[in-house]
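Alright, structures below, take your time with them.
One chain, subunit A, appears in both complexes that follow, with subunit B as partner in the first and subunit C in the second.
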Partner chain A sequence: MASIESIVRDSQPLKGPHVIEYPFRRSCGPILSEFFGALREGRIVGIRSKTAGVLVPPSEYDPVTAEALDEFVDVGPGGEVVSYSWVSKPRPLQRLDHPFAFALIKLDGADASMLHMVDVGGDESAIQVGMRVAPRWSAERKGHIADIEAFVAEADAVAAPPVLSGEDKPVRAIRTPLRLEYDFTAGREQTIFLRGLAHKMILGARRPGDDLVYVPPRGADPRTAEPTSEIVEVSDKGTVVTYSIVRVPSENIDLELPYVCINVLLDGSNLPFFHVLQKCELDEVRLGMRVQAQWVPDAELSASVTSIAFFAPIDEPDVPYEDFKEYC
Partner chain B sequence: MAELCAVIGVGQTNFDANRIDVSMPGLLREAALRALEDAELTWADIDAVVVGKAPDMFEGMMLPENYLADALGATGKPLLRVHTAGSVGGSTANVAMSLVSAGLHERVLTISFEKQSESNAMWALTLSPPFSVSVVAGAGGFFAPLVRTYMHRSGAPEDTGIRVALKDRLNALKNPYAHLKMPDISYEMIRDSMMLWDPIRYLESCPSSDGACAMILSNEKLAERTPRKPAWVHGSSMRSEPVQFAKRDAVNPMSGRMAAQDLYSQAGIKDPRKEIDCIECYVPFSWFEPMWMETMGFADEGEGWKLTLDGTTALDGSRPVNMSGGVLSSNAIGASGMCRYAEAANQVRGEAGEHQVAGAKKALGHAYGGGSQYFAMALFGAEKP
Partner chain C sequence: MRDVAIISFAQSNIEDDIRSEVEILQPVAAEAVKQSGMARTDIGFTCSGSSDWLQGQPFAFVMALDAVGSWPPIKESHVEQDGAWALYEAWVKIQTGEVESALVYSFGKTSPGDITQVQALQTDPYCVTPLWPDLDSITGLQARACLESGVVTETQMAEVASRSMRDAMNNPHAVRKADRSPEDLLGEPYRVSPLRDHDCPANSDGATVMVIASAELAREHSRRPVWIRGFDHRIDPPALGVRDLTQLPSAATAAEKAGVAKDKIDFAEVTAPYSHQEVLLRNALGLSDDLKVNESGGSLAAHTLMSCGLNRIGDAAMRIAAGNGDRAVAHAGQGPCLQQNLVVVLEGE
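What follows is the complex of A and B.
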C-alpha cells in the first residue's frame, strides 16, 4: 500500500502529449473570394491600392488610408524571389517532404511580395535572392492557396493545366486545419494528486495551520496565494452540492446521453469538483445526496482522473443543505 | 482631475449564425463604419483603437488584432487587444474609456467581435488535457449547476427562466440587428423546448452568433460638438476572482458585487433601484437575469426572480432589463458585453429605436465572463456626471 510520503517523494512531474486539432473555417469575403476563385482557374490576382501599389494576395483595405479596395489586377504567374528561409527538415504536416524554402516572391506586376514555398529539388545551392520563379500548379485545384503546390525555377514551370472540376461557384470559405502538439506537464501538486489516484487515494493540500483542504491541490491557496504545502488524504465519499443533467452532445466528451454531471464535495475537502454520477435514476438525483467514487478495476488504475470511473449513490442519509450551503 | 468621457457613436453588425458573406476583418469593418457614421466621423478622426474578443481558440487564429489595422484604420495609431473571456466586450470598452479619461487620447474606437461559425465553442471549451476527463459540456454544462443552486436557494418558481426568455425574445423582435427573431414565440414553445443542460432548456439559452459591436468614445470637448446626443460615462468598473476557492459563492460572486458597488460609488448612485432607469446585462441563460439583479443590488438576495414575475424588468415595466433582446437573442461572444454597453448608451441618447425606454436618463451596461469570475460594468447618463 502506497503512503502519502512515498507518493510525495516520487513527485517528478507527469508529462504527456496534448494535441489540439480542429478544421477551422475562414470565410473569405468578396475580395479573397476572387483570389481563391482565380487560383482555381490557374490565375493569380492582386488588388490596386493608392498607397502601396498592387498587393498580392489582395487586401480588402488600403494599408495606410483604410479605404475599401476593389480594382483587381492580374499578376504573375512568374516572379522573383525577394528573400527566403531554407527548411532543411520539413515537418510532417508541411506540404513538401524534401527540403524547400519559404520565400517572399514578388510576382510580375505586383508591388508587394507574397509568401509561398519554392521547390528546388532539395538543393539549397539552387536558390538565391533574385531568382526567377513561377508556380507549379496542382492538377486538382479547389480554390485554396495549395492550388499552387510550390514555386519552381521559371524554366521548369509549365502552364496551369485546365480546371478538371468545372467548378465555378464563388469560393466563399476555405478550411484551415490547425494542429498543435504540446508536451503537457502536470506540475508538482497535480502530479501528487494523480499518483494518488493510481493507488485509489484522493490527495489534497492545505496551507500549514489552515483547515481548508483543496482537492485537487493547486499549489497555492487561491485566496491568499500562500503555498498549500501540506498534503492530506481525503475520503472517496462525498456529497452532491449541485448537479445538472446533460442532454446535449459535446466534442471531447464520450459519455452516453443523458448523463448526470455532479459537483461533489468529498468528505475532508473544501472544494467541490465536477464528475459524473451513475447507477442513479435521473429523477432521484438531488442536492445533499451521498455518493462514493467507483474505481476502475485494479489492473486499469493509473495516474489519471480516469481511475475514478464514476460516482455512485451510497446508502447514507442526505446531508442537510445548511451543512454545505457555503460550497455551492 | 480625470477627463469626462462620452459615447458619441454606436455601430453593430447584423448578427447571424453564419456571416459567411464577410471575412473576419470585413465583419469588424461593418460595425466600425456604422459607429463612425453615427458620430459623423472618418478614420482620420480616431486616435487609437481598442479591440476585444474571447479566446483565440474560438476562431483558431492567434492574435487576430494583429491583422486588423487596415480594416480598422489603425495604421500609425495605437492598436491594442483586451481579453477577459466573455466579459471582454465590456472590459474592452472600459480600457478604451480609461484612455480617454486619462487624457491620453481624445477619440477612441473600441470594438469587439466573435465569428463563431469559424469554429465550435463547445469544442474550444472542452479541450481535454492528459490525465483528465471532460465532463463539463461547454458553458451550459458549467452554468447549469449554478442555476440549480440559485433555484434551490431562492425558491423561485420553476418557470422564472421561461418568463425571462419570453420577455427577451419578444424584445428582440424590436431590434433590427438581433440574430434570433421568433415572431411566434410563446411561453409554451419555450417550456416545451428540449432540456439541454437540465434545468436549462434550449430556448432559455443563447445562440451561437457571428457579429461585432463598436463604439466611438471621446472626451468632453469633442463630445459637446458631436451631431447626436452623447451618452456620458458616469462610471466604469471591473473586478475579478479565481474560478475556484474554498467557500466561493459562484452564484452571487464577490467580484460582481464589488464591481457594482464601485460603479455606484463612482457615479454617486445611492439607491440603484430608484436612480437607474434600465439595465442591459449579460444573460446567456435566462436564469441569470434574476441572479444578476441580486448581484447588482436591484433586489434583495433570493428575490431577483420577483422582478421578472411582477413585470418590473419588462420593456414597459418600471425598470426594464435587456431591452435589446439581450445575449439570449444574439451571442457573438466577444461582442456581447459591448452590445450591452451600446444598448445602455443608446437608451440615454434616445437612439434605441423601437426598444427605447421613454425618458431613460441613466442606464447600466453589464458583462461577465469565465466561470462567473470576470465582471465589467459601466453606467451611462443623458446628462454630464
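What follows is the complex of A and C.
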C-alpha cells in the first residue's frame, strides 16, 4: 500500500501528449469570397484602396482610413520576391516537406505584397530578393489560399490547369482546421493527485494548518493566495451537490446516452469534484444522495482520472440540503 | 492626470518550468505583494495578461487567479496581451479615480508546445495561418527587408545579441547568458535565414507581478516611487504586405504621445525578441546610438511570452528605484514583426 509520503516523494511531475483540434469553418464575406472564387478559377484578384494602392489578398477596408473597398483588380499571376525567410527544416504543419522559403511577393499590378511560399526545389541559392515568380497551381482547387501550392521561378510556371471539381457556386466559407500538439506538464500538485489515483487514493491539498481541502489540489488557496502544500487523503465516498443529465453525444466520450454528470463533495473535501454517476435510474438522481467511487480493476489503475470508472449510489441516508448548500 | 507609481515588482523566468501556472505564479505574486508593503486585500484592482494557446490549457487564465487570491471577491480583468497592456488598463482604472492601487500580473508557459509555430495563430486566419508560417519565418521577412534596405547590418544584429547575452550574465532572471564576440556569433549557422539562433528570443516559462499605486499610497509604501510620466500604445495594420517592415510607425507614435523626447533619458528597456528589432526600436523611439539599452539582456536573454514586456517595464522601474537613473523609457511589443507597441516613460521621485 502506497503512503502519501511515498507518492509525494516520488512525484516528478507528469508529462504527457495533449492535442487541441478545432475544425474551424470560417465564413468569407463578399470580399474574400471573390478572392477565393478567383483562386478556384486559377486567377488572383486584389482590391484598390486610396491610401495603399492595390491590396492582395483583398481587404474589406482601407488600412489607413477604414473606408469600405469594392473595386476588384486582376493581378499577377507573376510577381517579384520582396523578402524571404529560408525554412531549412519544415515543421509538421507546414505544407512543403522539403526546404522552402516563406516570402512576401509583390504581384504584377499590386502595390502591397502577399505572404506565400516559394519552392525552388530545396536550393537556397536559387532564391533572391527581386526574383520573378509565378504560382504553381493545385489541380484540385476548392477556393482556398493553398490552391496556390507555392510560387516557383516564373520560367518554370505553367498556366493553371482547369479546376477538377467544376464547382462555380460562390465560396461562402472555407475550412481552416487546426491541430496543435503539446507535451503537457501537470505541475507538482496535480501530479500528486494523479499518482494517488493509481493507488486508489484521492489526494487533495490545503494550506498548512488550514481546514479547507481542495480536490483536485490547485496549487494555491484562492482565499489567501498561499500555497496548498499540505497533501491530505480524502474519502472516495461523497454527497451529490449538483448534477446534470446529458442527452447529446460528444466526441471522445463513449458513454451510453443519457448519462449523469455529478459534482460530488467527497467526505473530507471542500471542493466539489466532477465525475459521472452510473448504476442509478435517472429519476432517482437527487441532490444530497450518497455515492462512492467505483474503481477500475487493479491491473487497469493508472495516474489518471479514468482510474475511477464512475460513481455509484450507496445505501446511506441522504444528507440534508442545509449541510451542503454552500457547495451547490 | 493622476500621478501613479510602480511600488513593487517580481519576476520568474525558467527554461522548461515543470510547475503548473498557479505554482509558477504564486511565489512571484507573494513576493511582489510583500515588497509593496500593502495587504493583498487592500489592493483595489487586479489585471492580468496571458494566452491559453501557449500551453494549450483552456481557462488557465481563470485558474491563475488562485495564485493571486480571489476571495473576498476582487475587481478583476484580463487581457490576451502582454502584461504591459494589463498595466495600461490598471493605470487607466486608477486615472478614473475608481481605485487607488492595482496588482498587475502576467504569465506565459510556452515550453509544452512549439511556440514559434503556435504564434502563426496571431496572423490572418483566412490567408496566412493556413500556410502555417512560424514566427521565426515571419520575422525573418522583416530582418531580410531591413538588411536589403541597409536599415540594419548582420554585424549590428550580432552586436546586439553579443551585448545582450553578456549583459545577461549580471541578470539572475536571464536564461541565455554567454560571453561571445559578434565575430564569433557571425560564424554560427542560420536557423531560418537570415536569422541565427542568437538572433531569436530565448524562450522561457515564467510569471511577472507588479503593484502600482496613486501618489499618496505610493509615497507611504515606497522609499523611491517610480512615477509613470507618459503612457501610450498603438498598432500597425495587420497585413504584413501593407506595412513597411523596416519602420515601426506605431512605436514612433506611441513614443511621441508618451513624451519620450521631452527630457533627457538615462537608459531604455525595450522588447526586441529578434536582434534586428532593437535597431528598429532605437530608430522609432528616437533613442541615441550611445544610450544604454536592455541592460537586462532583454528578450534575447529571457523571453517569457506575455510577460517580457511587463518585465522590461519592471526592470527599468527597479533600476530607478535603486537610484541607478532618474528617467527611463520602457517598451513592450507584440504581434508579428512588432505590430503592437506600448511605450511608458518612468521617472524617479
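One rule holds in what follows: the second predicted complex is superposed on the first by the 325 of 328 C-alpha atoms of A that agree within 3 Å, B and C clash if a C-alpha of one lies under 4 Å from a C-alpha of the other, contacts with A are read in each partner's own complex, and residues count from 1 in each chain.
As a working rule, a contact is a pair of C-beta atoms (placed from the backbone, for glycine too) under 8 Å apart; a residue touches a chain by one contact, two chains touch by 3 or more.
Computed from a prediction, not measured in an experiment: that's the story for all the values here.
Peer 1: According to the stated criteria, A:C261 is in contact with first (subunit B), second (subunit C), both, or neither; which is it?
Peer 2: The answer is first: A:C261 touches subunit B but not subunit C.
Peer 1: Taking the superposition as given, does A:A173 touch the first partner, subunit B, the second, subunit C, both, or neither?
Peer 2: First partner only.
Peer 1: Per the contact definition in the header, classify A:H144: touching subunit B only (first), subunit C only (second), both, or neither.
Peer 2: It touches subunit C, and subunit B stays clear.
Peer 1: Who does A:P227 touch here: subunit B (first), subunit C (second), both, or neither?
Peer 2: Once the two structures are laid over each other on A, A:P227 reaches subunit C alone.
Peer 1: If we overlay the two complexes on their shared chain A, which of subunit B and subunit C does A:Q94 touch? Say first, second, both or neither.
Peer 2: After superposing on A, A:Q94 lies in contact with subunit C but is clear of subunit B.
Peer 1: With the two complexes superposed on chain A, say which partner A:L115 touches: subunit B (first), subunit C (second), both, or neither.
Peer 2: second
Peer 1: By the touch definition at the top of the document, which applies to A:L32: first (subunit B), second (subunit C), both, or neither?
Peer 2: A:L32 sits against subunit B and subunit C alike.
Peer 1: Between subunit B and subunit C, which residues of subunit A are contacted by each of them?
Peer 2: 18, 20, 24, 26, 28, 32, 59, 63-64, 176, 178, 184, 186, 190, 218, 221-223
Peer 1: Spell out the residues on subunit B that touch subunit A in their complex, using ranges where they run on.
Peer 2: Within the complex, subunit B contacts subunit A at residues 19-26, 29, 43, 57, 59-61, 69-73, 75-76, 115, 117-120, 122-124, 126-138, 140-141, 144-149, 152-153, 194-200, 242, 244-247, 249-251.
Peer 1: Flag every residue of subunit A that touches subunit B in the complex, lowest number first.
Peer 2: 14, 16-18, 20, 22, 24-32, 59-66, 172-173, 176, 178, 184, 186, 190, 194, 212, 214, 218, 221-223, 241-253, 255, 258-259, 261, 263, 270-271, 274-276, 287, 303-306, 321, 325-328
Peer 1: Any idea which subunit A residues touch subunit C in the complex?
Peer 2: 13, 15, 18, 20, 24, 26, 28, 32, 35, 52, 55-57, 59, 63-64, 82-88, 91, 93-95, 102-104, 106, 112-117, 124, 129, 144-146, 174, 176, 178, 180-190, 218-227
Peer 1: What part of subunit C is in contact with subunit A in the complex they form?
Peer 2: 18-23, 26-27, 29-30, 33, 40, 53, 55-57, 63, 65-71, 111-114, 117-118, 120-121, 124-134, 136-145, 148, 190, 192-195, 237, 239-242, 245
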